[in-house]
Amino acid sequence: MSGGLTSQSFPKNARAALANPPLLKAIAHIEETLVGGRRRATEALPEFKALRDAGRDIKAHALDHLDLYLEAFERKVVEAGGFVHWAADAADANRIILDICRKAGAQRVTKGKSMITEEVGLNAFLQENGIAPVETDLGEYIIQLRGETPSHIIAPAVHVNKEQVAADFRRAHADLDPKRNLEEPTSLLAEARGVLRERFLSADVGITGANFLVAETGSTVIVTNEGNGDLTQILPKTHIVLASIEKVVPTLEDVATIMRLLARSATGQEMSVYTTFSTGPRRTGDPDGPEAFHVVLLDNGRSAMLGSEFEDMLRCIRCGACINHCPVYRSIGGHAYGSVYPGPMGSVLTPSLQGLEKSAHLANASTLCGRCESVCPMRIPLPKMLRHWREKEFERHLTPKKARFGLAAWRFLAARPRLYGLATRLGAWGLARLAGRDGSLRQAPLAGSWTRWRDLPAPEGGTFRTEWAKRGRK
Amino acid sequence: MSSRDAILGRIRRSLGASGSDATRLAAVRHRLAETPVNVVPARGQLPSSERVDLFVRKAGEVFASVARLEGREDIPGAVVSYLRDRNLPQEIRRGDDRRLADLPWEREAQLAVTTGPSDGSDLVGLSHSDAGVAETGTVVLTSGTDNPTTLNFLPDHHIVVVDASTVAGDYETVWAELRRRFGAGVMPRTVNLVTGPSRSADIEETLLLGAHGPRSLHILVVG
Amino acid sequence: MTTPKPRVALFVTCLVDFFRPTVGFSAVKLLEDAGCDVYVPAGQTCCGQPAYNSGDRAGARALAERVITLFEGFDHVVIPSGSCAGMIKTHYSDLFSGEPGWRLRAEALADKTHELTSFLVDVLGVSPLPVTWEGTATYHDSCSGLRELGIKEQPRRLLSAVDGLTVKEMADPEACCGFGGAFCVKYDEISNAIVERKVADVRGTGAELLLSGDLGCLLNISGKLRREGSSVEVRHVAEVLAGMATGPAIGESRK
C-alpha cells in the first residue's frame, strides 16, 4: 500500500495534515452529512437505545460461542454448495485468494469495498502476482487511481475534492474526450459508472467483504449504497468473500437488529440501499449468479483478542460513527494515523494488528473525550481500551522518558501534602507575579507547547488551601 | 494441523471453553432453532392499510417513486405510463416469474417485453418482489429460476411490483415467511433488500443517485 | 428535632487550588448556603487522574488510596469538576480489582462523591440564593461531566434562576475543547485545532460569558480566547451561581 503503515510518525503526519487546507475543508463536510445524519436518524427511532443494547448482547453472545457459530456457518455454506477456507493471518488469506483466482484462470478481478482486504494488503499482493484487481466502489476507485489508501472506513475518499477527482479521471481515462466537462460531481459519477460497467461485465472473479456471516443459513451479507458490491458478486463466474471471524452472527433476526443500527450510525440512512444475502453458488436453473462461491475466514489476531481486555472491540461493525465524532480525526483526517483503520476504533485495533511498538502514538493521541463510546452502536468502551494500551505501553517501558519522569515527580509530590503545598504555593505565586496585571501569560517556563498556541491564564495568587487556612477554616 | 483447527483451537483457548461443552452446544442449537426475535420497532406495527401507507411514504423518503394500482391487470398499463412519462423507449426486460408472465401484456401492443437475465444492455428491468418492509420502505427480491438477480442491478430503471398484501411491518416477518417457503435455515441463492435507487456520496459527501445500480426505482404497489 | 447538617468534604482539585481559588470559595458558599457543614481535608492533593490516563495504574492506585482514606469519613464529597468527580465515581473501583477490601471502600466513596452542580440539584434539590448577572452566557459541557456522569441539565437549571442571565447554546456544546490533560501538550497542534473550533463556536453565539464546570477546559478555552484577542469572559459556573463573579475572569487582566 502506498500510504504504508506510518503510525510511528503520527505527530509528523498530523502536522502535515494540519497544514493541508483542502484536506481540512473536505473533512469538515462530515459534520453536516454524517454526524448530522446520524443525529436525525437516531432521534427518529425511539427504540434506538434498546437496539444498541440488543446489538451489544447479540455480538457478545456470538463471541462467547464463536467457535460453534463458525462451525455452524461452515456447515451451511458447504450444504449450499460453497467452499470455506480458513486463514490464520494476512499471508494465508492472500495465498488462498490468489490460488482461487489462478484456478479460475482469472484475468480480470473486480472488488467490492472491503476494509478487510485493506487489512491484508490484498491488492498489492495480487498485483505482485500478475493480477490487477479493480476497485468498484466510487470512493475506492478514486483512491486506487490516486495510489492512496482509504482515509475513512466508510468514506474512503473523504479527503479528496472534486477537482482532484476530475484530474485523476482525466489522467486515468485518457481515451475519453479531453474536452469533456468534469466540473460537477454528477459528470464524475457518470464517467465512473460508464468505465466501471465494462469492468463488471468482463470480470472473471469478484471479491467482496461481508458485513455479516449468518450461522443459521450460511449466508454472507453485504451492505452497500452504490450497487457495486452486487455487480461484483453476481456477474463473474467466481465470487470470493473475505471476512474476519468475528463477523458471524447467529440468525437472520440478529442481522435485522444490527442492520437497524448500522446505516443509521454510519451515514444517517435508516437502511442502506442494498442489503444482500448470498448463499452458495447459483442453483440449478438459475439464470445468473456466480458458479463458484468461496468464503475465506480470516483470524489475523482476533482469536487472541477474545478473552482479553480488547475482546469488546470484536463487536465492532465498522460503521465509522466513532471516527466521524472524534475531535482528533476531525482535525487531521485518516491518513495521519498511518494505519489501515483510523480514528478511535483504529487506534484500538491497530496495536493488535501491527504491534504496540509501532503504534504507541495512536492510543495517546486522544483526549479521551468519550464521544466515540457515546455514539458506538455496539457500546464498545473505546476510551477504556485506549487507556488499556497506555497501560501496556507504561508496563513495557515504552512511555517516553520525559513523560515517565514527569509522572514520577507528580506522584512523589502528590503523596506529600506539605511539600506539595509548598511547591504549588511557590508556583502559583511565581506565575502570578510573572503575569503581573495581565492575568494571562504569553510565555511561561515549562509550558512552551501550551503557550505556542494559547495564553496561559495566570493563577490568582495564593493557592486555595493557603487562603482557606488563612481564614482559619477547618 | 490445518488452519481451521488452529483457529478454532485458539478461539477455544482464549475463551477457556470446549467445543464439546453441552451447555454451549445447547445454547447455540437453541438460538439457531428458535431464532428469537430481538427488539422490533413499533413504527411498522400497524393495521394493513396504514402499513402500506407507511411503506409508500418510507419508499418515497429514499427517492423511490411509487404508483398504487387497484389490480394486477393494471400493471402493464402502469409500466407503459412510467416509460412514457420519462421519455423512455417502450421496452422492458423481466424474469419468467408467473406473477409477471400471466399479466395481460397483450393489452399494451406498443410495449416490447423480453425475458431473462440482463446483459447490461437493458434500459428498464421489471421484477416482482416477495415482500415490502414498511419500516424503511424496503423491497425484498429473491433469486430463482424465473427471477434473475441481474435485473435488479444492471438496468438504469428498475420497476418492482409489490403486492400490498405482502407488505410487512418489519424484517422479522419477512424472515418467517422465507423460512415457511424455503425451509428452516435455507435461503434462496440471493436475497436482495432494496431501499431506494442506487446512490453514492463519495465525491465531497454530495448525495448523487444512480451510482452503479439503477438510477431510479419505481415501485408498483398492487392492491 | 432538626436533622443535623450534612458533613460535606470539598475536594477542591489541584487545578482550582493552584489557578483559581475563587472557584473553591464559590463552591463553599453554595454548599453552606444550602445548609451543609463544609470541610476541606488538609492533606488533599490530586485524585490520580493524570497517572491513570497515562497508563500508570500503580501511581493512580497509590493516590486513590490517599483520597479514599482522607475523604471516606464524610457524608458527601463534593468536587467542582466533572473530570475529577468522574475519576472517583467511575474509575476508582477499577484500580482495586483483586483487592476486595479496597474495592469496597472505593465503591463506597464513589457513591457519596458528587460533582458540584449535580450535588446541588440531584442530591440536595436546592435553589441557590438569588444572584444577578446581566448578560448572555454560553455553556460548555465538559466531556467527563457529560459522558461519565450525565451532567447536562443541572448547571443549566441552576443558571436559569440567575437574574438577568440568558444562556445561548453553542452549535455543539458537547464537543471536546481539546484539553485532554497531557494530550494538550503532547499533541499540541491537534489540541489547538480542536480548541480553535470550540472557540469559534463560543464566539459564534455572541455571548459575552463562557461557563463550564471544569477548570481544565476553562483554562484551555480562556487561553485560546485571550490569544485571539477576544473579550469573552471565562468563568467557572460556580462563580456566577455564588454571586462571586466580581473579580477578574479567568485569564483576564486585573483592573
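Quick notes on this one:
Read from first to last, the chains carry the letters A, B and C; within each, the first residue is number 1.
Criterion: contacts are C-beta pairs under 8 Å (C-beta built on N, C-alpha and C of every residue); 3 or more make two chains touch, one makes a residue touch a chain.
A quick note: this is a predicted structure, and the numbers were derived from the prediction, not measured.
Ranked by number of C-beta pairs in contact, the top chain pair is A-B. Comparing the CA-atom centres of all chains against that of chain A, the greatest distance is found for C. Centroids of chain A and chain C (each the mean of its C-alpha atoms) stand 33 Å apart. Mean C-alpha position of chain A lies 29 Å from that of chain B. Averaging C-alpha coordinates per chain places the centre of chain B 53 Å away from that of chain C. For chain B, the set of residues that touch two or more other chains is empty. The touching residues of chain C, when paired with chain A in their complex, are 12, 14, 16-22, 24-25, 39-40, 42-46, 48, 50-57, 59, 62-63, 66, 143-144, 147-148, 174-176, 178-195, 197, 219-220, 222-224, 226-227, 234, 247-248, 250-254. Only residues 11, 14-15, 18, 327-328, 330-332, 364-371, 373-374, 387, 389-395, 399, 403, 407-408, 410-411, 413-415, 417, 420, 424, 427-428, 437-440, 442, 447, 449-450, 452-460, 462-465, 467-469, 473-474 of chain A touch chain C when the two sit together in their complex. Only residues 2-4, 6-8, 10-12, 14-17, 19, 24-25, 27-28, 31-32, 35-43, 58, 62, 95, 116-117, 119-120, 135-136, 138, 143-145, 148-150, 152-154, 170-172, 175, 178, 185-206, 208, 210-214 of chain B touch chain A when the two sit together in their complex. Chain A contributes residues 26, 29-30, 32-34, 45-47, 50-51, 53-54, 58, 61, 64-72, 76, 80, 85-88, 92, 136-139, 142, 155-158, 160-162, 165, 185-186, 188-189, 193, 196-197, 200-201, 215-219, 225-228, 230-231, 234-235, 245, 250-254, 256-257, 259-260, 267, 269-283, 285-289, 297, 299, 303-308 to its touches with chain B in the complex.
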